[in-house]
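Multiple structures follow.
Consider the two complexes below, in which subunit A is the common component and subunit B and subunit C are the respective partners.
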Partner chain A sequence: MTVHNIRVGETKRGDAADGALVEAVGGRLSRVDGPAKITGAARYAVEQQLEGLAYAVLVESTIASGKVRAIDSKAAEAAPGVLEVLTPDTIISLRTAADWFGTPPPDKPYCPLARDITFSGQHVAAVVAETFEQAVAAAAMVKVSYGETPAIVDLSDGKAGDGIPIDAMTKEWGDAAAAFASAPVRICAAYNTPREYQAPMEPHGLIAHWEGDHLTVWEPSQWLDGMARTYAEWFGVPFENVRLVSPYVGGGFGSKALALGHGAIAASAAKMLGRPVRLVMTRAQTFTGYGGRAATRQTVTIGADHDGKIQSIVHRGVNETSIEGMWVEPLGSVTSIMYATPNFSSKQNVVRVNSVVPGAMRAPGENPSAFGIESAIDELAYEVGIDPLEIRLRNYAEQDPHAKKAWSTRQLREAFAAGAERFGWARRTPEPRSMRDGNHLIGWGVAAGTYPVRRAYGEAIVRILADGSVEVESSSIDMGQGTYTILAQTAAETVGVSGDDVVVKLGDSRFPRAGVSGGSRLAGVMTGAVYKAATSALDQLIGLAISDPRSPFHALQANTLVVAKGRITAPRGDGPDVSIAELLKSVGRVHIEATGDTMPANSSAEDRYKNYTTIAMALPHTEGDYSRHSWCAHFVEVRVDEDFGTVRVSRVVSALDSGRLYNPKLAESQWKGGIIMGIGQALLEEGIVDRRHGRIVNNNLADYLVPTNADIPDIETISVGIPDPHSSVLGGKGVGELAIVGIAPAIANAVFHATGKRIRDLPITLEKLI
Partner chain B sequence: MTKMTKIPVHLDINGHHHDLQLEPRVTLLDALRDRLGLTGTKKGCDHGQCGACTVHVDGERVLACLTLAAQAEGRTITTIEGLAREGELHPVQAAFLKQDAFQCGYCTPGQIMSAVACIREGHAGSDDEIREYMAGNLCRCGAYPHIVAAVRQAALEVAS
Partner chain C sequence: MRDFSYLRATSADAARQAAALPGAMLLAGGTTLIDLAKCGVAEPDTLVDITHLEGLDRIEIDERGAIIGALARMGHVADHADIKSRFPAISEALWQAASAQIRNMATIGGNLMQRTRCPYFRDPSNFAACNKREPGSGCSAIGGVTRGHAVLGTSEACIALYPGDLAAALVAFDAVVHLGDRRIPVDDFFLLPGTTPDKEHAIEPGEMITAIEIPASAAARRSTYLKVRDRQSYEFAAASAAVGLELESDGRTIRDLRVALGGVATKPWRARAVEEALKGKVLEPETVRAASLLAVEGAVDHGANHYKIELAPRVVARAILKLGEAA
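Right, the complex of A and B next:
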């Protein structure tokens, strides 16, 4: 049994805040999985110790376009310890699986090892050996010969073209072109973002183990049920035969939601050898084994009055996708809702290049979209001579300009006010290059961010056990968001026991199902499901206490009872005072169990399967009467060395509206993490393509620069959210993705204020400033 | 192809003695994780770029992925599993929990081992110094400000 099972034992260390009990919803309970993580006891997916484990290592294409002519694996096969060399010719045949929408796949075989090469780093072979060292050595002996054809290396390649229009991305109202043409103030600029990589500290990998036609996969996963479905479809076994186990996830940021080619390879090898097989990508392979954020190009034109009031926005976007796959990074997502405008037009194309298909990375769409519009409105502010904060308030959208619906909650005005106050924005002098400290030019910038509230349905089991403790089970996961902790808080508060008496079990697809942990939806979905299951368990407990003839409360004829701190009493305090354990013993029950789900009441088994294994049933954020989003305002100070052009972020104050926070201590950590990833995006991160070979050359953590501790200043976050009943059962909105949105433009705007140079091409590196 | 010879390697880890038969090319990191089941030490890059595999060898912080197991013979190795004494968390571990200095937890053992050494080296005198001397341990979740707070807190506790 590999399931994480750690008791809430750290309650007393937490700090009470906002009057909430530390261990209740809204309390600052420290992570319940923390003790395991700080002592090294937390065993991540690929760290399971299995008898007879064999080790697989991937061989990848060294060209970006062409065909594999031949694979010479003789030397590798003869190398010490080698058990198998998998090539397109030797690997077992799989079936094509449905995509994440559940779209029925084409009826053709799937081979995770490629003969036709469409990007550098594509899996072409794999070597399995008795030890990791033997597999690494033998993989280097596999000789692959290619017939190479010219590659489209990136968006700026002359062969790339204008791409494919994505009509579903078109958003238009009014007459944007005419209004722009007649506007007294007009700005137009192009904004670019490069390829960026999630780079979670735990590399992707798995252990696959077959027992008959049952497959167990230990794999870091943001979506156990979705990945289990994919494995089941690949191998043609029932969904129930596949068990995904993912007790801890060492970071995902969007990259660990789907079963990928390396998983198919490892599970095939395990089946072929009849042994458990471990395959972990090298760090270099994580840059091509799955997609990072697509490179993007946007043009934003704004027509406005002299007083800065926007009359028209025309937005055109392009993102790269792969030769065979389709990834759309929705670039008009923030552009279309952040500001009120009577006329609007946004369109988007995707361009095929020889790259791995790009994927989800923290706030896909909203993140680059905000870089465009939040830079452009800053440019407009300078054009009309209005404070960048004031121009945002002047164009404040009182309702969703696109959906034409009321916001469920939008504390953005409050965010601007709180952030500006704390940052000291009023002391800013408006002219570029007007603030200085010795050799450092000081710049202050502001930008807003937003992320939609993605909603879905969840399911959980809550058990009240004979000893009075409470157990929660769900196949959802914790990759650092704090799922273990907030679900413990939800169950503790709802049932009426102390946090110490709750055990949360996650990360096993045998538990009640859960949809994808992505799009900042998990906390809202799962606290709702646990609340419902816990309420049902509590109702059963009170029902037993009132009606069972053996109950000490039976004679009381009460309508209801109170459960608090694990003890049951009558509302007026008269009558017995017994523990949950005593009550269960008196009525002869071993436990009480309740399954709760938030699915519509008449949902079929098919609906449920579809809900948990695809994203087809996710609820639109504009469903019904409201438009639901999280909001934030970032205030940033940069210091730019005038001689060297180096930029350092020296201060960040962000005010954020994520609705009600289930645990402020953990939410603040996620916000700060988003801000820090945004600092990396603004100043450091860029996948650099070798134009001769179409290859990412900085495919390691020394050359693909993610922020280090020394790059990060003090960061202050302020919660301005209020409970939003339209967004989730307990009133929260999304946390994890919100804070990265708007950081890069806030920094670019601060750099402009410091230097007078407008950098529209991320990252903002020194050569762009000197 | 001749079979690679295994050599005897004797390792002293967290106060326990281990006799292993290893190929000379086995790193300390893989010996810990794959041979001894000590998986608290993490593999993030295998190239000495991320710091997740930081352990102490003779009291100094060392990257286990760039150290051959054979190189550690005769030295005293401490991993994250050996930091707590008799069930008592090390002050750095306790501070990491209190300050929420981690999220996914994967870089955390390396951060903690680095932090213990950083304090011992006398490099925790100011926030800027902590940032500089903890810069070799990457954290993609972005817990840096809380790591600084935890190291600051633990440094004061260790000093008092």
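Right, the complex of A and C next:
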């Protein structure tokens, strides 16, 4: 089982706008994994072919609340090809694993099959058979009888109540209530976002295979080491005994960072049967097998002067969580930092409803938070009669208003300026309904976005091989964002070889470890680790060349040497010119190997384990003297058909500050992906619950609408970032989540400008405007 | 999905006979059937594959009209030059239906047999009550999530929407379904749910759609299909209108008008009241808008689908006015 190696040289494309090498850091190298994916050569985790593979299919609860009274599995057991029916009574006992903070778990058993039902679609049984079709057929024969109790279907349910205050979310300074009461201009509005789903193209699934007490799991993953830890704790085996393999990931958006119940079921089945077992969720199961973005409600009140200067912000937020699990979607995260205000109060409650525990979805917290504050500031702009862009500049936060620290870098003013210029914002007529083209009302809207720089740790091995090529290994992953590509660029530039000569291997937990690929942290962390490892390998190489008596450079008595394009020369060119391969041969070395990491010096083995398998030791974005964030400004044009209520986004210009870009082409691609996902959030996406059954009824991609190509206009992105030395080794800030933040309010603001209707409940579907 | 036998028919007659047996179903493009089998709604014992049968995919067009073989692919019909010039509404309805991949697979005959997207119909394991699936079991949709349900032609037994686009255009232009030698107007081919929503089509065991015939007309030549939806592509209609228009020689007075609605009714819905109200009238925006309101006469909403009653007349009026402008 080897990870597919990708040679940069097979796929070198792209262009370097600034004349730099495309394969160096900052070059526009195309995705090195692209051709393998397009041609089908890329083998995804669950496509692994194993001898004796059996197939598991889940049986899910059809009630939202109550108890499983009995499971009649006789017919299923007798069905052709069936090997095992797993129920709470027959599945092997597992131990509860620590959460992702690494909090020591309660010492109690864990059963991924439920007897107590707290949401519709909960796993209650699983059928394993020789073929997938046999398992599907038999799963339909499993008869589950329930004792049903009333469910709390969502936040609007009368039984839901006010929820649990989350004190850790409270942020207050000044006297927000008093300042609001005395402010001459006051606005107050409520903003709601529905349940939304990550909907990755590749559904969740895995193949689990036990060999003795060693478990190998092929599973799409945003965090191999974190998931390996969870499997190890569930099954009571050492961490080293679990190997996660995840060579490619067909989209995650936050949903593939943790080991989930279906993984425990498949690995249990594999252990019980002594055979490898594959389990892949149906599309419908991906709506309840793990959580999407929690539904949220916010009220934002702003007190301001007549000139639009904010005096007070009072913010109250609520998000839903499940009956048993706890998910906090931090709704005050953007509210508390975007604008300067002398008085501020934000509090948040969490309400338990009968749903699967919500989870991380692209910019959890910042995304709905920005919908609230960036809509509210637009409302204030109209209230005081000031241009929506101008009011943002008048309230520009020169430092972090909450942490009271300097920004590491904040190119938001530059983003507003660059975006406005390119969009032609100055030509906007301020009155709602003042721009029209035939049946279309035209609206222009603006909103800002931000995402914190999350920093964690990673390590990598860089090897310089006998043939002069370079190999990089890390257990980090590439879910489409371009990790393979930027790590190849980092190694090529640092060692001094051409991109053709670098092979990057990712997605195997046997490789040096890495933290979660989430929170937009992976690129900054891993380019740093590869840079350090590659620097150390280069130092070894030059050291050998200078000091080894067999080296052709030995007689030169140079202090250093230059390595470029795979050749070693003296700084002034007054000596031998040999290839790396020739040098290694002359000194009798088969390879040079160096490990690099971004860990604090002298970290213990225990610290390292904790750093790579939990997020407990990740550095806060306000650590030290600075507050670190990415920033963006979105300018959006919509066309609203007045008769039909349909909204089409016709133009997007976004200017973004993600610091230094390791590969602008890939960064732009991620920004555009975020913007597209934001268009879906603004106009289309909503999990719709049947209130009698507490069940999501549009659990498929024909009814849960994500944007199609036809919904997406040309999107222009402008990078306004500068290298931020406080955020990462090479100066980049987060890219992947930033651009979705602020798109929905920019569209809602544009819809208001077009129609005069303020839509505060997403998505903005046609019946809200008709 | 359970095991089924696969039979490759040797002739249209053999296919008809094989499909008449209990538990047997015809398989053409499979885009609906396989989907329904996966969600547990269709449970065929035998699939009778007819995709390879000769002669059933022909598209023949002359002065009298078009005859489209049942196995012609949606994509081929949409792109056919004579269909585009003589029946633009047919081509436009097909272009706006489904996705390119589905249009390349799905057949015209199969398109007529397409079933509702009602989420309660499509999820037997969670919603046992469905009169369309199990006569007498009740209707889970009434009182549930109804944003996509019908406002016209509903009954107490069923409010499921007929989701197709093509059939609205066919109904507007008096198309006829060929079931071998039997001919039946397409408007009669689709049945109202009434007390028997499980019976959707006037087709009997042993019968098979062989072709669709669309009579030529001036209204069909000057026609359009307007589809309104939240997503620009690959979504069923919130409301749609197939409209054909023929003006008198004065270029202003309506001689013939055809109007049919999609996305609002339990079957493709001919709006004859709108046609009658406007025939002989001068084509003017206010007249057209007022008459278009007749399209939803008798409509009944179930809460979340109320917007369809507002929307449908606006779609009809826009489509008529658009054709008028094109004079």
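As a working rule, the second predicted complex is superposed on the first by the 766 of 770 C-alpha atoms of A that agree within 3 Å, B and C clash if a C-alpha of one lies under 4 Å from a C-alpha of the other, contacts with A are read in each partner's own complex, and residues count from 1 in each chain.
As a convention for this text, a residue touches a chain if its C-beta (ideal position, glycine included) is under 8 Å from a C-beta of that chain, and two chains touch if they have at least 3 such contacts.
What you see is a predicted model; the values in this text were computed from it and never measured.
Looking at the shared chain after the overlay, A:Gly566 reaches neither subunit B nor subunit C.
Measured by the number of subunit A residues touched, the leading partner among subunit B and subunit C is B. Once the two complexes are laid over each other on the shared chain, residue contacts for A:Glu133 go to subunit B and to subunit C alike. When both complexes are overlaid on chain A, the residue A:Leu705 reaches subunit C alone and has no touch with subunit B. After overlaying the two complexes on the shared chain, residue contacts for A:Gly458 are found with neither subunit B nor subunit C. Once the two complexes are overlaid on the shared chain, A:Glu767 sits against subunit C while remaining clear of subunit B.
By the touch criterion defined above, A:Gly687 reaches neither subunit B nor subunit C. Of the two partner chains, subunit B is the only one that A:Pro203 touches; subunit C does not reach it. Comparing which residues of subunit A touch subunit B with which touch subunit C, the overlap comprises 133, 702, 707-711. Residues 1-4, 23, 25-26, 30, 33-34, 37-47, 49-50, 52, 79-81, 83-84, 89, 93, 96-98, 100, 102-109, 112, 127, 130-132, 134-148 of subunit B touch subunit A in their complex. Against subunit A, in their complex, subunit C makes its touches with residues 1-3, 40, 117, 119-120, 123, 125-127, 143-145, 147-148, 228-235, 238, 306-307, 310-311, 314-315, 318. The touching residues of subunit A, when paired with subunit C in their complex, are 62, 120, 133, 136-137, 140, 439, 641, 643-646, 648, 683-684, 688-693, 695, 697-698, 702-703, 705, 707-711, 763, 765-767, 770. Contact residues of subunit A toward subunit B in the complex are 10, 13, 30-31, 33-44, 47, 49, 75, 78-80, 131-134, 198-203, 248-251, 253, 280, 282-283, 479-482, 665-666, 668-670, 672-677, 700-702, 706-712, 714-715.
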